[in-house]
Amino acid sequence: MKRFVDLADFSRDELLALLELARRLERQPEPRVLAGKILGLLFFNPSLRTLASFQAAMARLGGSSFVINPGHGSWALETRRGAVMVGAAAEHVREAIPVLASYCDSLGIRVFAEGRDLGADLAETTFNSMAELTDKPLINLESALNHPCQALADWKTMDDLAVPRGGRFVLSWAWHPRALPLAVPAAALHMAALRGMEVIVLRPEGFALPAAVMERAQRAALGAGGSVRETAAREEALEGADILYVKEWGATACYGDAAGDARLRSPLTGWCVRNDWFARTAPDCRVMHCLPVRRNTAIADEVLDGARSAVQREAANRLSVQTAVLHQLLK
Amino acid sequence: MKRFVDLADFSRDELLALLELARRLERQPEPRVLAGKILGLLFFNPSLRTLASFQAAMARLGGSSFVINPGHGSWALETRRGAVMVGAAAEHVREAIPVLASYCDSLGIRVFAEGRDLGADLAETTFNSMAELTDKPLINLESALNHPCQALADWKTMDDLAVPRGGRFVLSWAWHPRALPLAVPAAALHMAALRGMEVIVLRPEGFALPAAVMERAQRAALGAGGSVRETAAREEALEGADILYVKEWGATACYGDAAGDARLRSPLTGWCVRNDWFARTAPDCRVMHCLPVRRNTAIADEVLDGARSAVQREAANRLSVQTAVLHQLLK
Amino acid sequence: MKRFVDLADFSRDELLALLELARRLERQPEPRVLAGKILGLLFFNPSLRTLASFQAAMARLGGSSFVINPGHGSWALETRRGAVMVGAAAEHVREAIPVLASYCDSLGIRVFAEGRDLGADLAETTFNSMAELTDKPLINLESALNHPCQALADWKTMDDLAVPRGGRFVLSWAWHPRALPLAVPAAALHMAALRGMEVIVLRPEGFALPAAVMERAQRAALGAGGSVRETAAREEALEGADILYVKEWGATACYGDAAGDARLRSPLTGWCVRNDWFARTAPDCRVMHCLPVRRNTAIADEVLDGARSAVQREAANRLSVQTAVLHQLLK
């Protein structure tokens, strides 16, 4: 493995082998296997799980890591090609990425969507402009439209919980004070499709996932024996659901238009997941969320503190699958 | 040992054993004893000694650590139960604490007093709301009313300096531009009482330590053969003192009232410790302060740069005693 | 070696031996030689290369490090002797430096020029006020007028590129939106002189390097068989150049006067290095810059992306030479 940037770069069998490796390393840790190896972590955006779990994963394997936050203790970085740099950015990623890569054995980059131009974000313009600057093993710590570490942890979480491969996976939009990126819903959708599940995207009007995202998931489902569809009808979607995967995201009908987004979202505060959402799901339907989650805004306390919640296991699995990814990239 | 949260959780003999372990590890380091172990450090407030010395202590024992600063590279965290999270905080500690705990073998948390409601701060409402969320070995890196790592380092410092168990320990208020928390004075008072000293709290009117803090220290003194009293009379208090332990704190007579505090404190700039404070102390009376200290505001240069100052030894002992605490928690 | 603060503290032979050690450690890493050793890194100013490469260098040698950023997660620090501390700084370096030094085996400090008083900056008043507070092995991570790690990496870069000892080294000023410190031009000038090169400082009127800086370099050149002179005539300076070392710095004719500096610099946007600067240089003339560099402001894309650019190698050599420095200080 040279890069871990997108689950779509791997066959289903390769991903299953990676999950198996994660389980093996849980049972049989290899505390010195990456002795002397260094992971560089470049965060353009805040993080809790990714920041802590990657450092922990390297330590669990005997390696080390360093963290760079542009604009916070480190120089603000320019990403646009050809920029005449008279603004706040003191350095361009065309210098910074190869330099950081020269100090480590593997580089992780987190850079969220700019949220202005859907086409640019779908094309992963910003992440790719950095990815092309190094040949070192590269890890996507969340890009505009992807979050493969989260998706793999989610896959493992469903395996751990014995959720059937063909089970019903409902990816539901939830309310948030402002527009969030599409990375997690796009990655979760694709992962569930790849896993072979019956996937339903439940979202209000105006919040449909981009056609390119849906089509990619449909292709994945086709190969894995599953299906992907979308709806705004909550009751019908939740009928018999095995997993309710909750996520907040911005209005795609007016991408990059904060006022339009706010207009569409303001009447939707009822999209906060409460116990009554589970009236017609499978009895043991579990709730997933990548975190961070706003309590009583996206998901109510009664759900997060209840037995259905799998959010802690998802987060814990971040460490587990990333340990496997680092093992594959750096061993 | 499962937690290091409050010296009161331990018997005097257990604390003496911990101090003995600290001395043993100074003489006979165990550089691989925590190989593979990870300490998570969660800082809601600034730090220099705690931040550096815990990372150093883990490294000295062969382990690793990671640092999370909510709101600075990591998500701002909500601490109130039942909050409807529409504000700045993207995540609740009810998620964040168990998640971070799942990435490490021991978790340290620093969260200062809110400084609004004395009852809530005395009850350690905020720290305890986090402490109850994990079963992992937990370390108090300074809470509303406690700082056990500092207190243990201070105890060791007095042992190092051969300050007699029954010596006179004067905890004196000092001037500061604004109200600071009660954690260090409360912890130092309790520690000196537990050590069996003759403890005098010297403070201006309006700055008496809370009754609950004084009573707790008096109970500790009773068991250890010492005593605790308070006064506003500086000359009398300093008479024959072996230790002058200096600390700034807020007016308890108007806790949470910044204007009232400022009114009480403004005439007190004379409470800056100078050489003439030692006219009637024991000849070799030493000055202690937990740091950070504002020079020529709380303590004058002539004192900090003089032979009486033990502040460097106190700070160095942070590393020493924390190494012992980590050894006990994680070995 | 007790300190690595200024190349001038070492003989030419000692520096050559250090460069040889850097090359040896590239070929034959010593991944456990600093096991158990800790490097403390204190950054008063932003950093990318220094921050990442020192952590990486310690890890490559089996050691650990911690990072303190005053004012960002750690207390703001006062540096002035005798200050009455009623402002933003909660702690004085007279406490902080010895405390941090007590937690580590070697301390690195980065503190840029204040840029107000040239005499104070030339005297390294701020850095020296901290350096005198510890006997631990000390590393200058960039001070007011020096950057020895960068200078040593630059020396190695020219060795790697087989630039002849007696080659022509042109240190050229370049445009930047505001006045930057003199540390790198002063250090690069001195290094090239020490290496025995024919050194020319090319700068507009008003931007001459301070006489003390020029004289020091001239003395170094004298001992090494090289020369140092300055000019504002670009074509003549670049004639036959082997190295064009580009750097932005503030107007010395009005040091500390932002308005005066802006007036002098505003007509100079033509000092952006483009391909046509190399019309009369040696055919294989290389471009060096310490980074960060503003693209199309100080150096054009066409140069940075072209074959002449040695900036990546310079940055990579930071890790290499610092590994040697740490090996010498801490082995």
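Labels for the chains are A, B and C, by order of writing; each one numbers its residues from 1.
One rule holds for everything that comes next: a contact is a pair of C-beta atoms (placed from the backbone, for glycine too) under 8 Å apart; a residue touches a chain by one contact, two chains touch by 3 or more.
Note that the structure is a prediction, hence the values are computed from the model and not measured.
Visitor: Leaving out subunit B, what pieces does the complex fall into?
Guide: one piece
Visitor: Do subunit B and subunit C face each other with the same patch, meaning over half of the contact numbers show up on both, or with different patches?
Guide: different
Visitor: Distance-wise, how many Å sit between the C-alpha centres of subunit B and subunit C, to the nearest whole number?
Guide: So the centre of subunit B lies 40 Å away from the centre of subunit C.
Visitor: Mind pulling the residue numbers of subunit B that touch at least two other chains?
Guide: In subunit B, the residues touching two or more other chains are 64, 72.
Visitor: Tell me, which parts of subunit C touch subunit A in their complex?
Guide: 29, 31, 43, 46-49, 51-53, 55-56, 59-60, 62, 64, 67, 69, 72, 177, 291-297, 301, 304-305, 311-312, 315-316, 319
Visitor: Going by the contact rule at the top, pick out the subunit A residues touching subunit C in the complex.
Guide: Residue positions touching the partner: 35-36, 38, 40, 63-64, 66, 68, 72-75, 78, 82-86, 89-92, 94-96, 98-100, 102-104.
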